[in-house]
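Right after this note come the structures.
Next come two complexes built around chain A: one with chain B, the other with chain C.
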Partner chain A sequence: SPGTSTPVTSLFSSTPTVTSEQIEHLHRRFKQLSRDQLTIRKENFDSIPDLEFNPIRGKIVHAFFDKRNLRQESDGLADEINFEDFLTIMSYFRPIEMNMDEEQLDRFRKEKLKFLFHMYDSDHDGKITLQEYRNVVEELLSGNPHLEKESARSIADGAMMEAASICVGQMGPDQVYEGITFEDFLKMWQGIDIETKMHVRFLNMETIAHCY
Partner chain B sequence: MFLLLPFDSLVVNLLGISITVLFTLLLVFIIVPAIFGVSFGIRKVYMKTLLKIFQWATLRIERGAKEKNHPLYKPYVNGIIAKEPTSLEEEIKEIRRSGSGKALDTPEFELSDIFYFCRKGIETIMDDEVTKRFSAEELESWNLLSRTNYNFQYISLRLTVLWGLGVLIRYCFLLPLRIALAFTGISLLVTGTTVVGYLPNGRCKEFLSKHVHLMCYRICVRALTAIITYHDRENRPRNGGICVANHTSPIDVIILASDGYYAMVGQIHGGLMGVIQRAMVKACPHVWFERSEVKDRHLVAKRLTEHVQDKSKLPILIFPEGTCINNTSVMMFKKGSFEIGATVYPVAIKYDPQFGDAFWNSSKYGMVTYLLRMMTSWAIVCSVWYLPPMSRQPEEDAVQFANRVKSAIARQGGLVDLLWDGGLKREKVKDTFKEEQQKLYSKMIVGNHEDRSRS
Partner chain C sequence: IPSVSNIVPESCLLIVVGLLVGGLIKGVGEKPPILKSNIFFLFLLPPIILDAGYFLPLRQFTENLGTILIFAVVGTLWNAFFLGGLMYAVCQLGGPGLNHIGLLANLLFGSIISAVDPVAVLAVFEEIHINELLHILVFGESLLNDAVTVVLYHLFEEFANFEQVTIIDIILGFLSFFVVSLGGVFVGVIYGVIAAFTSRFTSHIRVIEPLFVFLYSYMAYLSAELFHLSGIMALIASGVVMRPYVEANISHKSHTTIKYFLKMWSSVSETLIFIFLGVSTVAGNHYWNWTFVISTLLFCLIARVLGVLVLTWFINKFRIVKLTPKDQFIIAYGGLRGAIAFSLCYLLDYKHFGMRDMFLTAIITVIFFTVFVQGMTIRPLVDLLAVKKKQETKRSINEEIHTQFLDHLLTGIEDICGHYGHHHWKDKLNRFNKKYVKKCLIAGERSKEPQLIAFYHKMEMKQAIELVESGGIGKIPSAVSTVSIQNINPKTLPVARILPALSKDKEEEIRKILRNNLQKTRQRLRSYNRHTLVADPYEEAWNQMLLRRQKARQLEQKMNNYLTVPAHKLDSPTMSRARIGSDPLAYEPKADSENLPIITIDPASPQSPESVDLMNEEPKGCSGLPPSPEEDEEGLVMRVKEPSSPGTDDVFTPGTGDSPSNQRMLRCLSDPGPRPEPEEGEPFIPKGQ
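Now for the complex of A and B:
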């Protein structure tokens, strides 16, 4: 649910795995990407060569500007983001803490899944339709230029049907499956341990000082 | 008849005298302390002096770069994120395995596949391998090794002179000194252990064997100019136990064995290594396996168990990752050593990258090249933490125990605790390889899809 506008640094200060030193590193990275400006635009991500090879590059960059991810009240796309927004997106990739209780873990998980959901749901209507699913599969398989569009399509269709069967069960012949809502999305991921897969770990720089 | 001119004889005399002086110094300041296990503290003074010089050098670079308005490269070659060096296939398999529980040989597209690319993308945005430039704001130390610094062009005359002096010192003074020491250490080890091997078994033999081993390892430590700080030495491994440590380089063995008396475990090699191994086992019961035996896990486990159950035998030294890791993370520990049922003494080793990167990338450098690189660095500075002993609890299995030990080591050494198996590829993914990865992914999904639709 939207609403609580937690300042970003508190998101991090409650997690000891991201220290102020690491936030400094991220800040430096931000300044490098923004070429010392206060905000970043989509074009700034073009300066990362390694990102070129990622098939869902477009979706990832888009995610940074998606107002739903930026925890803003309005909807749509932002034109530019500042460092606080940058950190907000990064916070979706925090690793889990040892001392999290059930409620925190659940919220943590929902946040990560919401981020993924927004990546699939490109028209922001709260549902992943067949076409949107097809788009994702096509992008993921876009690394192979010899791939027929039909193959990507049939894969997406098959996967979508399976998703439907999980979410809705047996459908009648005249029932139309509108699309995967967020609740259905959560259902699909039940029992699957995503928290350990969707995180980025920082190196601990401090122990280097202990060497002498 | 060839008459030596007085000048020539003077040169010869001088040469003779300087070599004698050098060797006397060597003996007095390095070898004798190694034999008795004392230290003059020369290496610590050396290290502090070096640090001051590095700081000065870095200031010069930054000042120079600021004047010319160039951005600087950051010397932390490892970056700020622990990148899991797994391949696409392995990671997707792992994601799916932990997920739907479907059979792995039906690789259809799954919703979770997007994780891999999503995470890789975010990692790249956070910290790019190719462009690691940051504007110079704080002091980052350059260690006068051009292999670690790419800003080499942006320096002043004074710095170049200093760097040149550094090269001279390292290659013409330190390197021969170190090679001489290493040679002395290894030959003493081989002859010493062979001689001790002829003695009848008993307390005398044990005592001598221990001291021969320790002495030679200490000489080798000095041969690398390793400056080691040991923490919590009261937790050092005891007889009948297993000492496990994270693995960064072959030097780890020397570092640990110069502070304790261990039974080594390993495969018998050919060449010089084999000679050393065969000599060592004469003096005390190390556990060497033939190449064929290494594959037989039951045999290995059996021999190790036998060794451990004999309380008179030394603690075994094992590196459960199985391969050298880059000292920023700890990979999965192979569970073999943890099934044996002995007390485990974990040890964390952390190298300071400032003085030289100790990681042995065996796919990039051979052993000899690696040793030469180590011997032409300034020093190897590291910290060793002896952690309190751990035993397997009744309700945990070998894998859980192994993970528990691994986390303890990772936490102490400030290393990231990773789940993946260290036997996977370590090298940086080349561009063409990345494209291949993408094609591979599509092949994985589509190829099988087509097979099925055909059948």
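Now for the complex of A and C:
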């Protein structure tokens, strides 16, 4: 990893995630967001001004409290998260490391895609239904208030049909495609290198601007 | 059996042709023409660069911009000085023939020959289909190093006239680099914005839309060259800046025109350049000096390899996707020299540079070596090293959704971390673009269209066109899957028979709407004008379909008060395509199809008088037969007679029977047009359900 400090493994059961420099910075940020409390709630995220413009703001905040992402056995949403949970979520966005072998790389990729899958699958039932997909597209287009719901819906329908034809192939008129399962989701993402795209650079520690 | 074109890249063959032609001319006793520099720089080079800049894959380019800039700037500087310095040393040791060549002359020579040539790179890399990363790295480098070459060239040329070169001159020279490159980009951006702004108002004169793109880009190039700024960077900048706005404003046909003209011109230019290189080799005065030429060649290669190795080691510290040794080899091997070096050398003044002929010979040797040896061997090497090749993936709507989702997610995470990374800035730029720039530069409604919608529309249009073109042969493309809306949303109830349930005043409404629509078209076509294009059936049909969809939606809202069963809306072509795909036999012509009301329409043609035939009833007096179930699904149907070949615009001969292909997909491409007899009095829907 690009930092000069050694990776810290103590907090996590999985492979080394973030370096101690990065952890320090994130801790400072956490304290800022939580106003020096030990835990953050959903409301604390409202204090980030730039997040207002983000169309999928709701889903992002939701993902921080999703118990599936926090690697907890139970399901549903947590009310508040502590710093360790915050780091767990951040670790999904770590950059790829050069010395990973095939198996590690595959696991790395699946982890990230699982995170994304949970964001799409809002009712936690293990598949992305048509309604959920429509919801995703509507949110993506929510920055354009003059658009009709019709457009978002037809895009989502078209995308769903495309997904069905990729994952199942030819379907007879009375077969029903229930929804996108995680395996199908993996198939859809084959063309995009998620392991190189889904990361946040922590390199320039000095130039990081604080919120206020 | 490998054919010649598999082994030898096109550029080599063209040079050989040039050599033969030159030899022929010389043999006849005439003096063969040499590639004059001003012809090269003014007429042959711009089309190639514009083609490259206009179609530059912007996403990959910006993602790798840091790497490309380092290679272009630092790499070229290193090459120039390393080569110049070493050649000076060689000249000093080289004996009487070379002693008189000073340091500055050698540095000038180094700067001319060190730049990687975009024309040569394009010519060779196009054929080997290498993966996008390597392609954009080498190609981007060849484009951006123009600024460095321009600065160094002018600098050394001037310095050669000075008695003494002071530190101030060197510092000024260093500063002039920024002026040249940024100035070039600035000029390009200005012209790009002007072009985009102009295209906002061209909706009435579609025929000359492509002209503005070419004109403004060329003016950007000339303006930059006028002030000794980097013309290539101006051209690239103007193409990149104007493209998204111009494409949103111009018609589909203009877009196609621009694409094909650019490809045509750039192909012609490229061919001419290589042939001329061959001819000039035969024609020119050469001065062959073994030491000079061989050492030039050797040091060029060494400099390139060293430069790439060192720079990659440095760059890999900052890259997420590191460059492997294989990548480095290809980048080093892809450093081809070409006609720009030749022309730059040709521009040198004999008075100040008496050794110009020797330089020219050396440059031609290096060009030949890189183009022939490296150009021919790169393809087998790519195969041997198993370098990743370009994947031909079609961009799907799913990928677009996912990519946008990911972009927003990463921006959000960056905001949460308080880390202003490049997602944050890209998002800010996009928001600025959407809020201010798009409103100025894009006409009408499209300024507010989000990218996802624009992408979806483009895809739908493409699919509709594909389907029509293949529908002409009567086949459904096998790529169409049988997945339909029923498969993913079983809750959509089977379609009800709308038409029988319509009351009288609904009929009247529908009739009125159709009449209004068709009337509007008629009024628009009243006057013939040379500048009026024959209506594009696809585009006209597209607009009509969108309009009709809007009206049908309004109608549906009213109808919902009357019907208990949800009405079946007009689908997008994608969905109806899918539906048809799922039931290929549903649209065979039925025996009683003649009794059904049919609207025959043809696209506007200037000759025939304007009127619309609302009904084509054969035999007349249809009555009584309710539409068959399949027809119901189509709702408001317009059957279209297809043109006899995809290209012609105005072929509608009455009496051509309904072939299965007609009835299939073409219902969404209907283009009301003029017809001899107005017969609007007829009811659209047969009575007596």
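In this text, the second predicted complex is superposed on the first by the 184 of 212 C-alpha atoms of A that agree within 3 Å, B and C clash if a C-alpha of one lies under 4 Å from a C-alpha of the other, contacts with A are read in each partner's own complex, and residues count from 1 in each chain.
FYI, contacts are C-beta pairs under 8 Å (C-beta built on N, C-alpha and C of every residue); 3 or more make two chains touch, one makes a residue touch a chain.
Quantities reported herein were computed from a predicted structural model and do not represent experimental measurements.
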Side-by-side fit of chain B and chain C on chain A, or clash
clash
Using the touch definition from the top, say if A:160 reaches chain B (first), chain C (second), both or neither.
second
Should A:183 be classified as contacting the first partner (chain B), the second (chain C), both, or neither?
neither
Check the residue A:150 against both partner chains and state whether it touches chain B (first), chain C (second), both, or neither.
second
First (chain B), second (chain C), both or neither touched by A:96:
second
For A:57, is the partner it touches chain B (first), chain C (second), both, or none of the two (neither)?
both
Once the structures are superposed on A, label A:75 by its partner contacts, choosing first (chain B), second (chain C), both or neither.
neither
Check the residue A:130 against both partner chains and state whether it touches chain B (first), chain C (second), both, or neither.
second
Contact-wise, after the overlay, does A:198 reach chain B, chain C, both or neither (first, second, both, neither)?
both
Between 5-13, 23-31, 59-67 or 185-193, which chain C stretch has C-alpha clashes with chain B?
59-67
Going through chain A, the residues touched by chain B and also by chain C turn out to be 25-26, 29, 32-33, 45, 48, 50-51, 53-57, 60, 90, 93, 116, 119, 136-137, 140-141, 143-144, 147, 151, 154-155, 158-159, 163, 188-189, 192, 194, 196-203, 207-208, 210-211
Parts of chain A lying in touch with chain C, wherever the complex brings them together:
2, 25-26, 29, 32-33, 45, 48, 50-51, 53-57, 60, 90, 93, 95-96, 98, 116, 119, 130, 136-137, 140-141, 143-144, 146-147, 150-151, 154-155, 157-166, 168-177, 188-189, 191-192, 194, 196-203, 207-211
Within their complex, chain A touches chain B through residues 22, 25-26, 28-29, 31-33, 36, 45, 47-51, 53-57, 60, 90, 93, 116, 119, 136-137, 140-144, 147, 151-152, 154-156, 158-159, 163, 188-189, 192-194, 196-208, 210-212
Considering the complex alone, what residue numbers of chain B touch chain A?
44, 47, 76, 78-82, 95, 98-100, 108-115, 117-131, 133-135, 137, 227, 229, 328, 350-354, 381-383, 413-416, 418-419, 431, 434-435, 437-439, 441-443, 445-446, 449-450, 453
Touching residues of chain C toward chain A in the complex: what are they?
317-318, 320-322, 391, 393, 396-399, 401-406, 408-424, 427, 431, 448, 450, 452-453, 456, 481-490, 553, 572, 574-575, 578, 582-583
